[in-house]
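The following blocks contain the structures, represented as structure tokens.
After this come two complexes, each holding chain A, first together with chain B and then together with chain C.
After this line comes the complex of A and B, so read on.
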């Protein structure tokens, strides 16, 4: 970098000062963000745990309060919480897992536990079951929902279910009651009755444009099938998937469903822009726990009912997607992490704080303990889940790697069909052939 | 156009103009205005929504709130248990240091590429341009592992230290282009007067490249202020959150998001950008026009 004319240029005083000042500003800026980083754990029973979940500030307030209870019970243990909305949360988790720097205890999606469990990022909880983590109240089904291969890499803290939410006044005006809807045919008939396109009222929201497709999975299980094989490939009968999309396409063509563009726009606006909340739709399929959200946003009377079934449905189709909790393989304090997992599953005082924020508690004891304190929508929600959990349920295969991609592909073909870009059979054929590429047996 | 063709037009022009011009102007202005309204509508909608009660945001589509409230602002300000001013200050500190770092390091690197001769200059320049084309996500994980191994996670170092190492190839390229337009005779004159390479840079080049520096400063500020992924990955303490990360805390895609407070705080968080752009607009356009970027 030398100038041939002047090999040894003197460094001027001004330029030197300028550079030095910049360096000084960087290193000594009196700002908290420039202190030492990281948080190691100390020995001798002292531990410092990082705990992370997805959600917003209001969820964090509840879970921070629960963590404070845990700290009070466990001397020498300090916790630090992190949170982000689901999308960024998963992005951060992917990066942190790649770097072996996952939070000690973290909430896990059922759609991701397969990948992270098999990838060695999560702590195998098998050796802590019974000793540290009491699993008596969540049962074998609970353990199975976090079992990947031979290891238990996650346990459910909560469950969500699938439900039908109705705007009783809109349905009632058409002379229908949500309680009479038992089958998908009943649902279609009720939606047709309630729809009044001239008044801008739709019979039911279009579920094929949603970003999760658990009602389709219910449909497939009711028909005796499964979405995925235990090996991680696609198990669903393409004909059953086609029937699902044809069912909704028929209603859409009749004007019973909202037009595709209005539905997409409403989905983008979140709950406050939902047609059911706005009073312009009679029904929607939802997660059961969404009932509490919808109830908080509208004054209109709402009904909560079980997902309709096929006329000849198998009786053990019921399933409950779990909200899982895991510990990181890279944690320095696996014992304490396991104790914290037990705390979030079994501690009544913690449940008293976090309540139904993430769904229905996985522990039947905790659920029963909470019920007397609940009111209105919360009671309806937890009673429905508890009632449905008594139904026979055959095993629910764990989401394989690629299941997220499959979920996204379902949304995409749903849009293509709704916007008229492809016929149902074309779209489903493509879905199935594409899935063969990314849903592969281990 | 030939001169014979233009001449009659020029003769007739004074008579024609008063009649033709207003029409064309009105139509053109109308089109521009419509385009402008379409562009600014989402912003206006956000401003209007920030002053509506939560329940009206999606049910009352009008731009004038039926019920006017400032509750979203008061609620949003303290929603995370830490006043939002902390997040603004954090964002500001990071943005200010980043601006300083980028101006210093990128101008030095650009000077080397534009004026000095050294081995592998062309190869290195090509490599620098290649980093411009590399998607951010490719380097994300290795970078994270690097910063984690030196215990820099949960500090601002990963966000600002790279700026002092001239990693923003875009600005280097921009400044190289600008420097190439400066006459070399000035360098030579300074060298004759006893300036070394650094002296030439500091006394001649830097003062002359003010427009390019302004562009780099403004863009760095805007990009750092808006950066989401960087702080998301590296910052976990709530006290250290930047404004975009704090805004994310209003969102719950699996439940009910607090749109009102989020819109209110979003408005506050775009104010600095708005002001920066407003006051620096002249330099920005000047800088872009003189660096050959179009």
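After this line comes the complex of A and C, so read on.
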């Protein structure tokens, strides 16, 4: 109430409370940090969207350019992008989701879509399929890769595969060619040939000290198993996991792999410290799309080949982890967000800008349209993954809640074995018993 | 029981003319509002950013909360799980304890030694003080942690220098489980600037006449240090000890950057706070992480309490 004796008080209760509220709001906004979605408004067709992805500044340059194309096509729509390295990206995504403050449109990991989809943080895209989002070129498998329960919470923009990258000159000096490596036994033999510990040359990078779950998954699927059950528990046969670690331990003990400490240090140094880039390793297992990155860092001739298979591998073991895109459940502009998702999946002009930066486009039409314009490493990459995608592939189940924990534990037991802290069977037994605690059927 | 509302004896209460009362009251109220307004940022910070989340985390520590929705009350399960079913928790405790028990005394000794040297009336003291303080400002930064990785790497500066001295078979300091924590301890010791500045201020407070009297009595430098400097400095040592101990328990950035967030190799640099962070944001086990945070608070409280309790036996305050 205004004081009748002083009609213009310097600070009324009302203005005080107003200021307080504004201050509190500012603080809250300050806490929000990353994400900041849900701020869009859709009145009169206007919308402002926050879009986030993981990656580096060069990826952001490409995707910002693509967003500018979307804005030009959609009057009244403005976008704002944010990015971070994968690790921090996932951490911030968790806090933003907990605060109901996810970006309107965000790139999603296949390892996390199960958790976020089931947790109610993501927009169910089902009602936008066909009308707003054209899914004709990504197929049923594409839709399945983002389906959690009854809802479609993500769609693939790209796929990546698993591959063997070779330093052809290092292998060649040992009289081996990457093209001759079809099985894991071939790989071990080639690595033994190429390794020359006295000269500081290793046969192959040690994958077990890094994020190695994809490689293990290939191994398990080749043996006819799966890493996880559809219910979300561990499906892999512990004996098969043991065989995987024994395979690498044998090579390490023979001096074919880099010593554990050197490999750990190299992993921490990023791509520029990679032994293959430095010319001191003949091979590495990688995601297929890493081929374009490695090619940009070395003048030496590189080869790209399919992941080796077990001698008696199942023929439908192939799998292609999707790079997914989602919209937040809290977005104020679900229609526009869906349109943006469609844009990143199906727009040829956008694909001309972003090309293969995140992997092979999920849309077969986009992939075919891009191929004639590609050259060098990009061509090798797209040809390789296109060839592999024609192979029979049994379903690749959604990663269950707890799968990230399993991936971390896998790297940890890899370290324990490599540093001699535990035997393979001890470490795997612990991995399996711990996993029973966090990989539980919902 | 009656409440005495009378003025204290000897004071006279001036009664203002009745007409002034509302005006004066208004002014006082205005002043009070202004005070609250100035206090507002701090209050918002205290309740919104500190106390609110603390209370929330205390509640969450009794729940199974996955950060994205599921939240169920589980009583003391998280606290029980820590001690009965989580070997990584135990190893994180041991790593942190080792770090605190080794790095804090080393850092304080180093800081005191340098402060004593700098207190000898050096020319350009301000310059040296600034130079030695610099690592304190930089030490917990990401850039320094990255630099540390280069310096202590397999073919880093340290090994190059040791190699030049003819030493061979040198370990990769940051990537060997036996040595990795050692490099983080060295990094912490290196950030001795802030305790050093406090020691310097403390040294300036020691009365010169005590040294003069001791010299007259024939005390040598070591005797003067042991019998005068050390006892006179004990309040400052105590202050630095408590401060650095609390800091060391909460160490995070160095390990996060140098180990790439894993606490490796083989959990050898898995600080308590890093494990807490992993549980919260990688494993989405926020209830458990909250319980860990409260356990850390209790441990820090106990260590600080123990320091205060023992202080009566070794800390000498002026005039006591």
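As a convention for this text, the second predicted complex is superposed on the first by the 400 of 442 C-alpha atoms of A that agree within 3 Å, B and C clash if a C-alpha of one lies under 4 Å from a C-alpha of the other, contacts with A are read in each partner's own complex, and residues count from 1 in each chain.
Simple rule for what comes next: a contact is a pair of C-beta atoms (placed from the backbone, for glycine too) under 8 Å apart; a residue touches a chain by one contact, two chains touch by 3 or more.
The shown structure was predicted, so the numbers you read here are calculated from the model rather than taken from an experiment.
Within the superposed three-chain model, A:60 lies in touch with chain B and out of touch with chain C [touch as defined at top]. Of the two partner chains, chain B is the only one that A:296 touches; chain C does not reach it. Within the superposed three-chain model, A:68 lies out of touch with both chain B and chain C [touch as defined at top]. In the superposition on chain A, A:95 makes contact with both chain B and chain C. In the overlay built on the shared chain, the residue A:311 is in contact with neither chain B nor chain C. In the superposition on chain A, contact of A:348 is made with neither chain B nor chain C.
Once chain A of one complex is fitted onto chain A of the other, the partner contacts of A:87 extend to both chain B and chain C. In the superposition on the C-alpha atoms of chain A, the part of chain A touched by chain B in one complex and by chain C in the other spans residues 3, 5-6, 9-11, 19, 31, 87, 91, 95, 98, 269. Those residues of chain B that touch chain A in the complex are listed here as 54-55, 57-59, 79-81, 90, 93-94, 97, 100-101, 104, 112, 116, 118, 140-141, 144-145, 148, 151-157, 160-161, 164, 191, 194-200, 202, 228-229, 232-233, 235-237, 239-240, 245, 248-259. Those residues of chain A that touch chain B in the shared complex are 1-3, 5-6, 8-12, 14-15, 19, 22, 25-26, 29, 31-39, 50, 54-61, 80, 82-88, 91-92, 95-96, 98-99, 101, 269-273, 278, 293, 296-297.
Within the complex formed with chain C, the chain A residues making contact are 3, 5-6, 9-11, 13, 16, 19-20, 23-24, 27-28, 31, 87, 90-91, 94-95, 97-98, 115-116, 118-121, 260-262, 264-265, 267-269, 401-402, 404-405, 408, 411-412, 415-416, 419, 421, 437-438. Taken in their complex, chain C has these residues touching chain A: 22, 26, 30, 33-34, 36-37, 40-41, 44-45, 48-49, 66-70, 85, 149, 153-154, 171-172, 174-177, 258-262, 264-267, 278, 281-284, 286.
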